[in-house]
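Letters A, B, C and D mark the chains as written, and numbering starts fresh at 1 in each.
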Amino acid sequence: MHGYSLDKEALQRRMNRVEGQVRGIARMIDDDRYCIDVLTQIAAVTSALESVALTLLDDHLGHCVTDAIHEGGDTAEAKLKEASGAIRRLVRS
Amino acid sequence: MHGYSLDKEALQRRMNRVEGQVRGIARMIDDDRYCIDVLTQIAAVTSALESVALTLLDDHLGHCVTDAIHEGGDTAEAKLKEASGAIRRLVRS
Amino acid sequence: MHGYSLDKEALQRRMNRVEGQVRGIARMIDDDRYCIDVLTQIAAVTSALESVALTLLDDHLGHCVTDAIHEGGDTAEAKLKEASGAIRRLVRS
Amino acid sequence: MHGYSLDKEALQRRMNRVEGQVRGIARMIDDDRYCIDVLTQIAAVTSALESVALTLLDDHLGHCVTDAIHEGGDTAEAKLKEASGAIRRLVRS
């Protein structure tokens, strides 16, 4: 059971909303809507996804990484290194 | 007819792929998949959306903004200011 | 004469402030200051640099790129492609 | 003693390089150098600072946050919340 199970319903509602927004963008392109309006929608989706990612990361640090740190040794080190990589990808994406 | 009409099919294929990826992420959360794997998928979607946004922006500069600059005066200034705002939102999102 | 010559003094004041902030961060590391405080300062510098970059880009679009578009043909295309690359680097950095 | 003390010399070398780069950018503006070249340098500095921030964050998670998690309770929670805020600012800056 992963940490994010706690917020699972809220996360799913947010992902459903993102899915609706992405479909909306596809439709805007279909309808030849003004580029700037499409770009505004894309920035909104990107922010929403970033926010979901930050929530998942918080839960991950508070559960999986915390458990690994209590276990200590290589397990702790491996989880911290993995979390570091995920943060790096988030910052750079 | 907006600039992005030229690449419309390619853009739609990319948005369809993004929609599939977003549905995949919702399913991963549903299946309690490992947080780090979900985060990796979110970073992939964010990059894909960013790339669509940059394509739209290129087309916008090459068509709408270019036309406005040829028209000159307030039209040019307004379009440049609007494009500047869109770039700002992209950089900050 | 480049576009940014117009705002040159303001830009230089901002770069001087950034230089001071960077020196401040080096000193914080020297003094073993708390990581989170150092990170907050780095985020402030990154935002300040991003803001300078967006100002430069606005001026570039409003001057160099606008002139190239009036000239038309390959010159316009080359300048638009170059600006597109710079925007891409800004969004991704 | 903070976590980053371990890498202190390397961090300082990197901050000195950043300081030199920032001074170089100020000089480029002074010399009316081409906007696109200035933007490229700004993107390089932003990436360098981001990389320093990620190193500091790794050390922070591996030391301060790890210690707090061993201590447990409110201390752990407070440190995790603080780290979360720092990651958020990094992702958004």
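A few points about this structure:
Basically, a residue touches a chain if its C-beta (ideal position, glycine included) is under 8 Å from a C-beta of that chain, and two chains touch if they have at least 3 such contacts.
Every value quoted in this text rests on a predicted model; they were computed, and no experiment measured them.
Among the other chains, D has the CA centre that is most remote from the centre of chain B. Looking across A-B, C-D or B-C, the interface that copies A-D in more than half of its residue contact pairs is found at B-C. Separation between the centroids of chain C and chain D, computed from CA atoms only, is 18 Å.
With centres set at the average Cα position, the gap from chain B to chain D is 28 Å. With centres set at the average Cα position, the gap from chain B to chain C is 22 Å. The set of chain D residues touching two or more other chains comprises 50, 53, 57, 83, 90, 92.
Contact between chains, using the touch rule, shows up for A-B, A-D, B-C, C-D. Chain contact summary for the complex, chain C toward chain B: residues 50, 53-54, 57-58, 61-62, 65-66, 69-70, 76, 80, 83-84, 87-88, 90-92. Interface of chain B with chain A (complex): residues 1-5, 8, 11-12, 15-16, 18-19, 22-23, 25-26, 29-30, 32-36, 38-40, 42-43, 45-47, 49-50, 52-53, 56-57, 59-60, 64, 82-83, 85-86, 89-90, 93.
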